[in-house]
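Everything on this sheet refers to the single structure shown next.
Chain lettering (A, B, C, D and E) follows the sequence in which the chains are written, and residue indices restart at 1 in each chain.
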């Protein structure tokens, strides 16, 4: 007894020291989490800080005299004439009118405020409505990238302003008058890539991503589920299935770039499939995502309690009936969740696509699985490598779009897991 | 009742005494003769005729040369300490062991003179004839109706919806669940109480009109009231079915079965009239078990 | 021995008879009066003084207003059907429930007149005084020596290596393991047999010189021989420690304990001399349980 | 009909076969006294008929679609006047492309020679014909095979067994795809690697400390001989991976411990998905962040301390990679820690150990093998990570251990060597495949080892 | 295939992409697809053969070599039209925050050559011993020699080797009496000890890295300098600052011409090739006020432009003699 109380005393005395250690250990944990979470916050803040301005475009709105004489055009429905017509002149004239101080010698400086493709806007309008010839129309035209940068980032020393002093004063005046204005950047969402930052958009990349993902989904989900069912329910214990299993586990951890090498050597060089197309991208990503889907589907199948299987088998259901009638419906939510997460990974994947040529300069929005295309993350990569800061801004914006896709996919997966998961 | 208590008291009164080390010097292996079952393991014109059955899990021999007949329309109870192979043996009777990769069954097992383990034999049909009820109630996460209708559906027992309705009603009636369930046939089965679920599982097994029903500790997860109901049901069913029941409760075996088989470490030690097993066990091990000296 | 068998026979002889539906019309809830325990729950100068204890898991009330005294150096056994709250109640005594998020304990629980659940009270110190042994042997994956030395080390009970050696040797001796283990103190504990592991866990608990030892079904994972050894050990230890043991085997309770407490659905139904509980239970429910009518 | 449409038609035909098979089996059953006298359910007779109908038709369709282009090309080209028949494969594909561009109207017909215009018309006609034949053949096969399947339906037929067997084979084929993929990987790196070692010696590749793959492209171009020693690449890779692990392991492990042992359910519910979010961010985004934000920050910060730091320091790439790997480490550790049985925890707590003592002295040692396995997996990931290093690490193969200097990695070199220039015969492009092979082997070895450790560890507590 | 496929020089890439984009938006043809592979890589792909899997056009920042012409011929690419589209200077640039270099070509060779005359004995060649610029000449900055440049697939690299390195090396006494081949191999070998860093084909990346790192110098085309003139500065070579005028007037010592080559066999097969050539050589693109000028191309004089337009019209064949 005295032994017991003596020891109790010793224990009591050691407590203070031990609790200090306890608190320190806890603090380490909290610090670790804080580090991880602050990295997340910094990353998001950085990207949003860099990219939010890309969602704004700068336009020039003015009355344009669509004067046939000035444009060497007297019939806008005549294709030959349209080819030869000068669509720039009316725009320069109109803008000169808005800048009272500008003289004839300033023509070039004034023209450089307009987007090089502004004249196409006028041409396209005339093509569609030849009757506009000879009228005066209020047109909203894209400004030059330099103007865009100046309007959005004047005073930010990360950006270099490429307008001269004179041009800056003009732009300030035009902003004052409301001729130069900013608005939501619909161009960014409705066009493909461009060498001109203010005309560059991500629609091409989004469509490319969707096409690629469609291929991946259509192939990887059914194949993955079928493979998981086979391995979990039917595979006999033998060398072959062991080997398949080891293979799948390893493939899940093989670096993605290796799949790029595979795609290059097999699909492009061996099968002679074209470079840069969504089909090949989708195939490569399918091979890459399959292991993930198989593994999560197997986990979902495993989580179906054996008692359900026994019950069905006990009544005389065949193995396949047990699987298709009972196991599959119960495991499906888990399989879907795993597949969504696998697809999200594939959507963000870049490296293997670089090797199969999805890194070209492609302006047209792809219209099919065999058209040249890039995908969102590759577009980010391409823009991030551009020296113009206006492209960095767009790369950040593209990242925001990509993350929006990914977060909503993950949220969907979490929601499904919460919603559909059955507890046994 | 008092008599029993007295018995226990004998031991309870001497808690400080060293408990008798059971067969310390004579391990169970040596006092059991392999394949030699005491009592009356055989019957005329049996439903099941099982000879020299051995079951292996990989290298482990879980069932050691057991021979036994199970008569038509009898209720036979399997008892024995945990891990002695009761469930394993039971599951041989409808080849539920097939799904365990490492499990191999040897010996002759015949149901109505047909070899159960004939490689050409269709297990689906076998299981339709030999139904099974498990320890934990395991209804499908579907409606009550669909649970019962599942078997008839996959076996094509009903041509029309009304046939199926009849089968479902009959089975639920037989399982004593019709009154409780008839108004909520569309409710999911997992919402029922444990006892109701177990009776539903019985109804599900009955629905395919099996000839034999195997039950592996069907009451061990149930409360006393539900247990009583299931036992009542077993008594009723014994009129039309052959029933094999594994139980860890000697009292239950005593209450429901006609014959009792005592298993020990994979051996079938003794088979006798239930009455006899509990009053005058022939084998030393059976007696030790019955009197609670181990287990 | 025969007397008992006769008792069982009474029921075994009528297997076809409808089993008595236990309390069908009088569910257990109604025949137990909350907080009113039959027998002798109280003691003078108790080690533990527990009053109006209630335990909640979230919304579920797992322990319902239990009051009980545990005397010094007594062995008290908790019995009752599965899920009745034996483990839960036991774990209140050294606040092992703290680690379960949703678990809340109400009531007055005193150890030597100190409130166990005082917010300012230190659980580390409490647990050093109230040791615990679990159902499944849980040796740490370390050497035998390190297992036993673990407690003394973290509490700083030994200043020198030789002190520690002494503690380890003593504890292993007390647990009856010294002879078997002395030559392989550096071997990992997980390589031992189940029974040895459990005795090692007891040695580990003894090593910090607790005043009380709680045991939650310490033999349920052991074979009969190992069980016998542990029971023997309990008998020896009862000289210097207060022991609270949960068991699902009535025989075991009868063999090792001085007093027995019968739990039912979170209620403490009856506490009495072990002798009395097994020969002449005062409460109807206790009797039903003892005679095997359920559970 | 287009192949895609024909595919749909085949599916529809198979459905029809299903319905007919179903009906036939039922009508066969009626005189016998109900479907219980059939060997299988009507559903299976239907499904069997559908498989009979669909599978051969789809095979025919696939073969036709695969070979029709080649055949038509031969026919069209063969019909041209002798002097226009192309003499090389390239010319043939060119000619065909021209013909098909004329046929599709992408080239104005006025542009092309009359034989070409004729050929274009012929092409159009042949294509139409081919589609027609294909349609006819596929439909015929479907109907015929479907009919055969249908007519053979009889009550004793075990349709279920057959259908299930077919399905099982299909499932097996899907699972076996994993082997094909691995073979594909081996195939795609092995040949080029062998050719590479035909040009560059093993010794130079494995032990050379110079990496500078400048080989001359043409005979008359003067360039350096090129050095292909992969040592600096692997040390660079390891340096960056080591930095990543230095960030990821402590942070990941401690977060996992805190979340599993200390955090309340609510905190866990919020923090865990946030950590997982880190894992869901595409690597190109981390690369962007590392190259444009972290790297300049580090080099400016170092400069302000008077230390010389490269603008593409290994530290930037490695640090950001570490952030990416945090959730990987934490979720693996979480798994492993949770796999340690609660009883051990209880055992320690019941002796009066504090939580941190329990963690440090019992759980952690017990979980250590599993955690090591997890970390190995994370290392293999770090080694194979590409975009972060492509964007943020350097191209110069420096042999250095200084984290402030710039190093290059295996993956960076693969991308650099292969983007754009995809000719397969210079040692330079072959080097990319040799590196790929090394990368594959290294990560494979790590993975096998790690998966083995983790599995063994899990089994220990199962 | 109905889309033009263009490969080749990364120097020409920014001009070609602008032309391609204009071409796509001003005509009904699809916008050509462009990959930047370097002049050498591009020519190699281009000469691989005819057929839709091979590119139609390749850009180059140097003239096709006779050996490449032979390769083309042997692979059936017989008829080729060459377009010389302007000039480009090769500059040695650094961040505006770095010390600017004022180099002679000789100093440049001493900095980057693989084997250079020994500092002690002018007539002996030794592996390049110089580690810092100031080791070569005290007037140069005291920083380690680290120059990023294009790989051998690149035309910029070829031109740099020929014009800058060989230009600075030819007159050294150690090589003066070697035969031509020997001299070439000495003068055009770049050191491989890490001072010269082979960057990829993407010149933008070099620009990016220069801006980040003050101690680095980079070799690339003039247009990239102009595009980033607010952040980069150029070293003077032999006292000449690279300006558009100086390059056009051949005053700056390291200036070369830019080209693109059209595979005639594909004209009339892949739609729009001729039109693309016309767009490239049109006044709108290459005229004195053309859009290519605004993106930094040093455009050819008026009469040369007329020639180009004729070529786009007639697509004359390139002959090997012209290349010799």
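Operating definition for what follows: a residue touches a chain if its C-beta (ideal position, glycine included) is under 8 Å from a C-beta of that chain, and two chains touch if they have at least 3 such contacts.
What you are looking at is a predicted structure, and each value in this text was computed from that prediction instead of being measured.
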Number of steps on the shortest touching-chain route linking subunit B and subunit E: 2
Most central chain, judged by mean C-alpha position against the global CA mean: D
Chain of greatest Cα-centre distance to subunit C: E
Busiest interface, counted in C-beta pairs: A-D
Whole-Å gap between the CA centroids of subunit B and subunit D: 50
Computed distance of Cα centres, subunit E from subunit D, in Å: 37
Distance between the centres, which are taken as Cα means, of subunit D and subunit A, whole angstrom: 19
Rounded Å distance, subunit C centre to subunit E centre (Cα mean): 87
Contacts with 2+ other chains: residues of subunit B: 154-155
Numbers and ranges of subunit D residues touching at least 2 other chains: 291, 352, 354, 357, 419, 422
Shared interface positions of subunit A, touching two or more other chains: 11, 18, 318-319, 357, 359, 385
Subunit E residues touching subunit D - in the complex, by the definition given at the top: 1-2, 7, 35-38, 40-41, 44-45, 48-54, 65-68, 71, 75-76, 114, 148, 151-153, 157-158, 161, 184-185, 188-190, 192, 194, 197-201, 208-209, 212-213, 215-216, 265-266, 268-271
Footprint of subunit A on subunit C - complex, ascending: 122, 124-125, 128-129, 154-157, 208-211
Residues of subunit C defined as touching subunit D within the complex: 94, 96, 99, 101, 123-128, 131-132, 134, 136, 138-142, 150-151, 154-155, 201, 204-205, 208
For the subunit D and subunit A complex, residues of the former touching the latter: 160, 164, 167-168, 170-172, 174-179, 181-182, 184-185, 187-189, 192, 250-255, 257-259, 261-262, 271, 273-278, 280-289, 291-293, 323, 326-327, 330, 352, 354-357, 359-360, 377, 380-381, 383-387, 390-391, 411, 414-415, 418-419, 422, 424, 432-433, 436, 439-440, 443-444, 447-448, 450-451
Subunit D partner contacts - residues on subunit A that touch it in the complex: 11, 18-19, 21-22, 25-26, 28-33, 35-37, 39-40, 43, 46-47, 50, 222-224, 226-227, 229-231, 234-235, 241, 243-244, 246-251, 253-259, 261-262, 264-266, 269, 287, 290-291, 294, 318-320, 341, 344-345, 347-351, 354-355, 357, 359, 377-378, 380-381, 384-385, 392, 395-396, 399, 402-403, 406-407, 410, 414
